[in-house]
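This report refers to the structure that appears directly beneath it.
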Amino acid sequence: MKLWGGRFEERTDKFVEEFTASLPFDKRLFRHDIRGSVAHVTMLCKCGLITDDEANTIKDALGEIYREMESGEFPFDLADEDIHMAIERTLIDRVGVVGGKLHTARSRNDQVALDLRLFLREEIAEIAALIVAFQKALVETALNNLDVIMPGYTHLQRAQPVLFSHHIMAYFWMLGRDIERMHFCREQTDRLPLGSAALAGTTHPIDREYVAGLLGFSKICENSIDGVSDRDFIVEFLSAATLIAVHLSRLAEEIIIWNSSEFGFVELSEKYTTGSSIMPQKKNPDVAELIRGKSGRVFGDLIGMLTVLKGLPLAYNRDMQEDKETLFDAVDTVKACLVAARGLIGTMTVNDKAMVQAAEEGFANATDLADYLVGKGVPFRDAHRTAGEAVKKCLVECKALADLTLGEFKALNKAISEDVYGVLSVKESVKKRVSSGGTSPKRVAEQLETAKQVIEREKDWF
Amino acid sequence: MKLWGGRFEERTDKFVEEFTASLPFDKRLFRHDIRGSVAHVTMLCKCGLITDDEANTIKDALGEIYREMESGEFPFDLADEDIHMAIERTLIDRVGVVGGKLHTARSRNDQVALDLRLFLREEIAEIAALIVAFQKALVETALNNLDVIMPGYTHLQRAQPVLFSHHIMAYFWMLGRDIERMHFCREQTDRLPLGSAALAGTTHPIDREYVAGLLGFSKICENSIDGVSDRDFIVEFLSAATLIAVHLSRLAEEIIIWNSSEFGFVELSEKYTTGSSIMPQKKNPDVAELIRGKSGRVFGDLIGMLTVLKGLPLAYNRDMQEDKETLFDAVDTVKACLVAARGLIGTMTVNDKAMVQAAEEGFANATDLADYLVGKGVPFRDAHRTAGEAVKKCLVECKALADLTLGEFKALNKAISEDVYGVLSVKESVKKRVSSGGTSPKRVAEQLETAKQVIEREKDWF
Amino acid sequence: MKLWGGRFEERTDKFVEEFTASLPFDKRLFRHDIRGSVAHVTMLCKCGLITDDEANTIKDALGEIYREMESGEFPFDLADEDIHMAIERTLIDRVGVVGGKLHTARSRNDQVALDLRLFLREEIAEIAALIVAFQKALVETALNNLDVIMPGYTHLQRAQPVLFSHHIMAYFWMLGRDIERMHFCREQTDRLPLGSAALAGTTHPIDREYVAGLLGFSKICENSIDGVSDRDFIVEFLSAATLIAVHLSRLAEEIIIWNSSEFGFVELSEKYTTGSSIMPQKKNPDVAELIRGKSGRVFGDLIGMLTVLKGLPLAYNRDMQEDKETLFDAVDTVKACLVAARGLIGTMTVNDKAMVQAAEEGFANATDLADYLVGKGVPFRDAHRTAGEAVKKCLVECKALADLTLGEFKALNKAISEDVYGVLSVKESVKKRVSSGGTSPKRVAEQLETAKQVIEREKDWF
Amino acid sequence: MKLWGGRFEERTDKFVEEFTASLPFDKRLFRHDIRGSVAHVTMLCKCGLITDDEANTIKDALGEIYREMESGEFPFDLADEDIHMAIERTLIDRVGVVGGKLHTARSRNDQVALDLRLFLREEIAEIAALIVAFQKALVETALNNLDVIMPGYTHLQRAQPVLFSHHIMAYFWMLGRDIERMHFCREQTDRLPLGSAALAGTTHPIDREYVAGLLGFSKICENSIDGVSDRDFIVEFLSAATLIAVHLSRLAEEIIIWNSSEFGFVELSEKYTTGSSIMPQKKNPDVAELIRGKSGRVFGDLIGMLTVLKGLPLAYNRDMQEDKETLFDAVDTVKACLVAARGLIGTMTVNDKAMVQAAEEGFANATDLADYLVGKGVPFRDAHRTAGEAVKKCLVECKALADLTLGEFKALNKAISEDVYGVLSVKESVKKRVSSGGTSPKRVAEQLETAKQVIEREKDWF
């Protein structure tokens, strides 16, 4: 007989039992469920709703169940529907009627909302730690390759020379925003739903603030109906997860491109690549590809959850059971991808020669020529046109800009003089981009300093 | 040593092995993988690429592996990466060098494309059968409730009286289109990719048409690069699956609404409902809610797959490994929901009295009044206005339209005479909607006849 | 000749001009573009890069263009590609070469990133104001219906009696979280990208902090590559917008259900409903339906943007032009829906009699019976079973719980005595749910007080 | 007064009028709406529901309205809500009461379903024609570059040499499946919904088959409720559109990569590229980037529509008004991208030297070495290992495989003899891949022949 079976005369259909059961996946929440129950019992006892003896009996039995689940010995039974019922039914089996008092003043509706918040709060902290670890790896990669110049790209066309470390640090700041989002997400999980009961609150004189304190929440849900129907914190996390996935997919794409024979900017470690079953020469960037591809499942998780919530009347509806696998999948995916991306970056070799050579070819210094002309008093638009014409001339003659003679330069624009050759070296070009946040070595050094402080601050958050 | 490890000096990182492994989920494809390998070996032998003895040795060993996997005895090892490697490595372990000949003229790229097509073709047939079974249940429900009148709704407002069987049959035709899509999807899986090898075809004199025949394909992929990079058939299936999910979510929503105390149109079986852990009176339509909610994961699966493919260069990329879990999840979800919906419909009780009462209230016969006026020569727009004014008058006076006196009617429009009362009964209203596809009993009877023929035709397809 | 045409010999294809043009939609950004340009010019002048005269000439001409665009007189030309070029080209046409100096030390890449941030910052403030206005309307609705009791629902089944004002306030807190997200989104837009130039920063001695101050930014983008490629702030906003859409879709669904004849809980104003072209009696909740349906386009906008960014290499790519229509659509949709939902709530009539009657039927007091038993020392699970059996008995006998005799009660459980009848009234039931956040009038009054303070605090944010 | 205003006493709120109006976008359907009305009137007359004179009066007036809308003279008024009302109200204004007879036996519900089907049927034909035109361009590109060898890629790593024409033809077959989907989509639009009326059919003795014939439908919707609530045909089209978008995004990605300086495989026309506002040398593949990026909006359109339909009760709900902008956007996007992609391919220059050079480097012939060993009787797995070791040796010594001496080869595997050098040329490698669908020139020639036949067959469809 189900714990809720009082009014029922017929047994649940076997298929229905399976179809509706969440136990196969929500058993993952056992730690959080038991932690919540222990806090609840402690409060029930403090408020005089159960005796000390009863509280201890329940807590001891819960502790035993916890240990069995931890060690894998617990005999799960699908008929229990979900982790809450599995634990409570076992409790009652073991300690008798007193076990039935655990559910006083609560419902599965507020219980599962609590478990999910406890779970997510924990995972957010882990993900934040993984992001910071990845940020550190990015800083290290930048520090290890301080002098490497590469072409910066727009439209996958060589645009202007930049420091490789500057390019890598762009990801640092993206990830930094991911940390800010994790911080915000954590704050949003910080409201205790327990005590909302089924949806209306409870008649028992409970103390929700006390439970909040025991479980480390600083606020309680202000409205019991909202308390059981709110899954915003899951959507927020999933949204934040899609951005992590986007960032990693962009880095992955770049590594895949850099690792092509044509670019040859990096060489991936054999530890982080795999071979082909048919082509003996292949060393494939599978890890990067999977990181890129796994963005799809995170997007899918978000859409899945949004679809579930669309048009759902208050308060709890069983549709919401779909929140769990979605959330678990996104959590696991994002964690694995962060570890993978860190390993990928940490084990790859930067081919500095290929990078600088690419920067030197391809007219990445054309903007410098234009800027040089602006320095000579030429309006920017005219300077731009002159530089464009110089490029056109070089393309026809298969030259680099620096190969033009002074006479040729002057024919294009009289404002050009001997000192033009100084501005056409990629090293000079990089060095001169001194605006705040620019790619000059000085600015990148400052950026790395700031980055270290950011990492320190992030640590204080989690 | 990996089977592809010739050029590698370092072992794959342990984490990478786990991160890239698809074995935990693609082992589900073992039947299809071995079936494909057996056909491939048969062809290699026929084409003189291996001897009869070699072919038999390989086939026998594959048969043994098949049986072990079937019975659950096979000792899977995560280091094998995927089901293809797990099988091939074991084969070589068991029969020695000759096992290495199995992979002649093929690559994992065309092999996995084949496995997925074989898998999906099979599942499509199963899903089609489940749809037909559900359609039958809908026809039965319609037949069992032939005379039941309910309000048809637009905007969840009572609109016009309809037969409940007519309403239920609307779902029949939706599901009928799902069958047409399954039919189309099956045709799209019907191209053999094997023989595309890594991406360029093979130098060995193989016979792809022969393999196609052995495996029941009527066509081969015409271009080897497309053969290994094409996943259209998966996206097509997922798209078709979202429509199944949409249809079921709409039915589920209606059942949830009908099952509310306020509507009271149906009563769900205790076998197909569950109770509440806190509210003793509850009998919740969880099955319908889960069907509705699970549309989310199917939408998510589709978006996941589309995201993977977006902007992916040819030919095979490891991102595509993400196709499997996505596909498996959608297949399993759709199948389970079809079974669940069938059971739900089949076990629910229709409350005909509540339905007809609702149809009689709420001015669902106002269109009949307007149509009656049109019959008297009044332009439709004027007739519509008169009927609207009649409704307004009744609302104020808390009456039904049939409660108005002839004098009151005539005051609204002189064209009205005594025979108006005949058209205001819901039974008459339904009976008169005789246009093709309309709700009159005669038309619904025809519809049910056509439906039976449709079911017969569908059987021939699969 | 295009402003960028120096190296080009052939004209852009006519179709390509149209295909790539963003002017038809990005002209909406003209205010932000000009505001940014004025700040940029002011800084160029302060830093000695242009003279006071030049600065004034440019600013005057920009002011003129602003006024023409504002009044609709500006002659847009599709050949200008985008709003930035339209303005700059016109500037140069009007003031000559000095106009070409405006683009010194910037690129369209950082310019468009700036415009989008300025635009979104403004819109966020407007949306926040609309949310607060809607929250006020919710509070008012709650205050106007303080004593109305309705059934609280789970699974669309009557669960427990609640105050209508409590139910409505659940939406207040959802919207409150939307405000928190707007707050966060605004903070995330608060970084100046200008000065990132094309991607590498600029060689000119500019003062980004000064520009930031002029435009009201408190921070600058720390990395120029990130500065031009970052669209996180758009994704964040779109994610937050999906949650607003989800919340409104849930309210819309409830209003549609409440407004059905079967529920009859509310009556919508004729101002906020529409009729049917064929059914004269219809008064349809179109506004609610559109609010519910428009969640789809917001979800679509988010997926659209995420798809654009997936796997995009750094820094700027033209794909990112797709950010604008997506963002504009979500902004407009969310704003319109907030206004619509406020009007809908503000003009609807609550049918308190229908609500309380529904609460009294349907065993919504069964939990009270169980709680009563717990109060008598019965373990919760046993109390639950007894209440379930009482419901079962009443269902068979077509009774309410309060209709059972004391003898009948005692036959179910000896712990029941005369005082049971006190707990079975819905008014009592509501009154007793005194836990924090519960539905008792006292708690709801407190909740409304807190709500008013929340509204005050929100005002300070924006 | 609205045409549906009979029962209403208050005017629609101004904001609501705007919020609910679809006229700004659905006026695009005027041709289809009028075409449907003319057929409807013709049938009403044939069935004796209106006189010849009435029919002619209505048709003449509709013709006039059509011409005014076509020429842009028609004075649209937002208060008309939608295109149906705009036309009908104008009709009644112009011809008086007889105009009111047009709406006999129909509702806006079946009318809009008809308009959408007529619209989509037409657009599908146009899109199919654009796909075929693009396929022809692909065939032409293949024919113009028959002998060009490039490296085939997997994982963006050089895998095996292939013909460029073979690679390009992979897209031909993808697009061929898009045509098959358009074919299927067109069939799915081929059901006449008109005559379903509001949802229940009509009491008038209409002839739906006759209307179907007039409008070129071969079937009618079998169930009136389904007739007005079905939007499957839109979802199907949107799903098919996502695959077109995926295919084009993949091609766009490849063109962007090929067009990079590092690959240098193609040079895009100046007509199909744009410059940079700051970097004078840039010639950016904007068209390809926009094609890639626009996949996002198509995915978004699909998700938008699916979200609208999720959990929507039958029959018509105003949420469904959201179908139009979504559909229009996807239609316009896909059409523009097909034109853009065709122009891009048709104007780009193939750099055959860069392609073949890339094929010759990078060990793309390693599989050939392995296949050579298999030909000598070595099991495939051992051959694979030997080839891998050869690659490793060459990598260390910076050699190509063909640079190894026979002695070095023999040290790796005794089975190798002098003839090995013959198999290591990329031309030989390509020539030998003779399996069906493989890249050998002979097979590609066959493929091109088949392609031409496919194009012929496709023409017959549309």
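Just a few scattered comments:
Letters A, B, C and D mark the chains in the order given here, with residues in each chain numbered from 1 onward.
Following the convention adopted for this analysis, contacts are C-beta pairs under 8 Å (C-beta built on N, C-alpha and C of every residue); 3 or more make two chains touch, one makes a residue touch a chain.
Here the structure is a predicted model, which means the values were calculated and not measured.
The set of chains in contact with chain A as well as chain B comprises C, D.
In terms of C-beta pairs in contact, C-D outnumbers the other of C-D and B-C. Averaging Cα coordinates per chain places chain B and chain D 23 Å apart.
Rounded to a whole number, the gap between the C-alpha centres of chain B and chain C is 33 angstrom. The set of chain B residues that touch two or more partner chains comprises 3-9, 103, 109, 154-156, 159-160, 197-198, 257, 275-286, 289, 292, 295-296, 299, 302-303, 306-307, 310-311, 317-318, 367, 384-388, 391. Chain C meets chain D in the complex at residues 2-13, 15-16, 19-20, 81, 84-85, 103, 106-109, 197-198, 269-272, 274-287, 289-290, 292-297, 299-308, 317-322, 325-326, 336, 339-340, 343, 347. Residues 154-160, 256-257, 259-263, 275-286, 289, 303, 306-307, 310-311, 358, 361-364, 366-367, 369-370, 384-388, 390-391 of chain A are the ones touching chain D in the complex.
Of all the residues in chain A, the ones that touch chain C in their complex are 3-9, 92, 97-105, 109, 152-156, 159-162, 166-167, 169-170, 172-174, 177, 180-181, 184, 188, 195-206, 208-209, 220-230, 232, 235-236, 239-240, 242-243, 246, 249-250, 252-254, 257, 292, 295-296, 299, 302-303, 306-307, 309-318, 367-368, 371, 374, 379-382, 384-389, 391-392, 395, 430, 432-440, 443, 447, 450.
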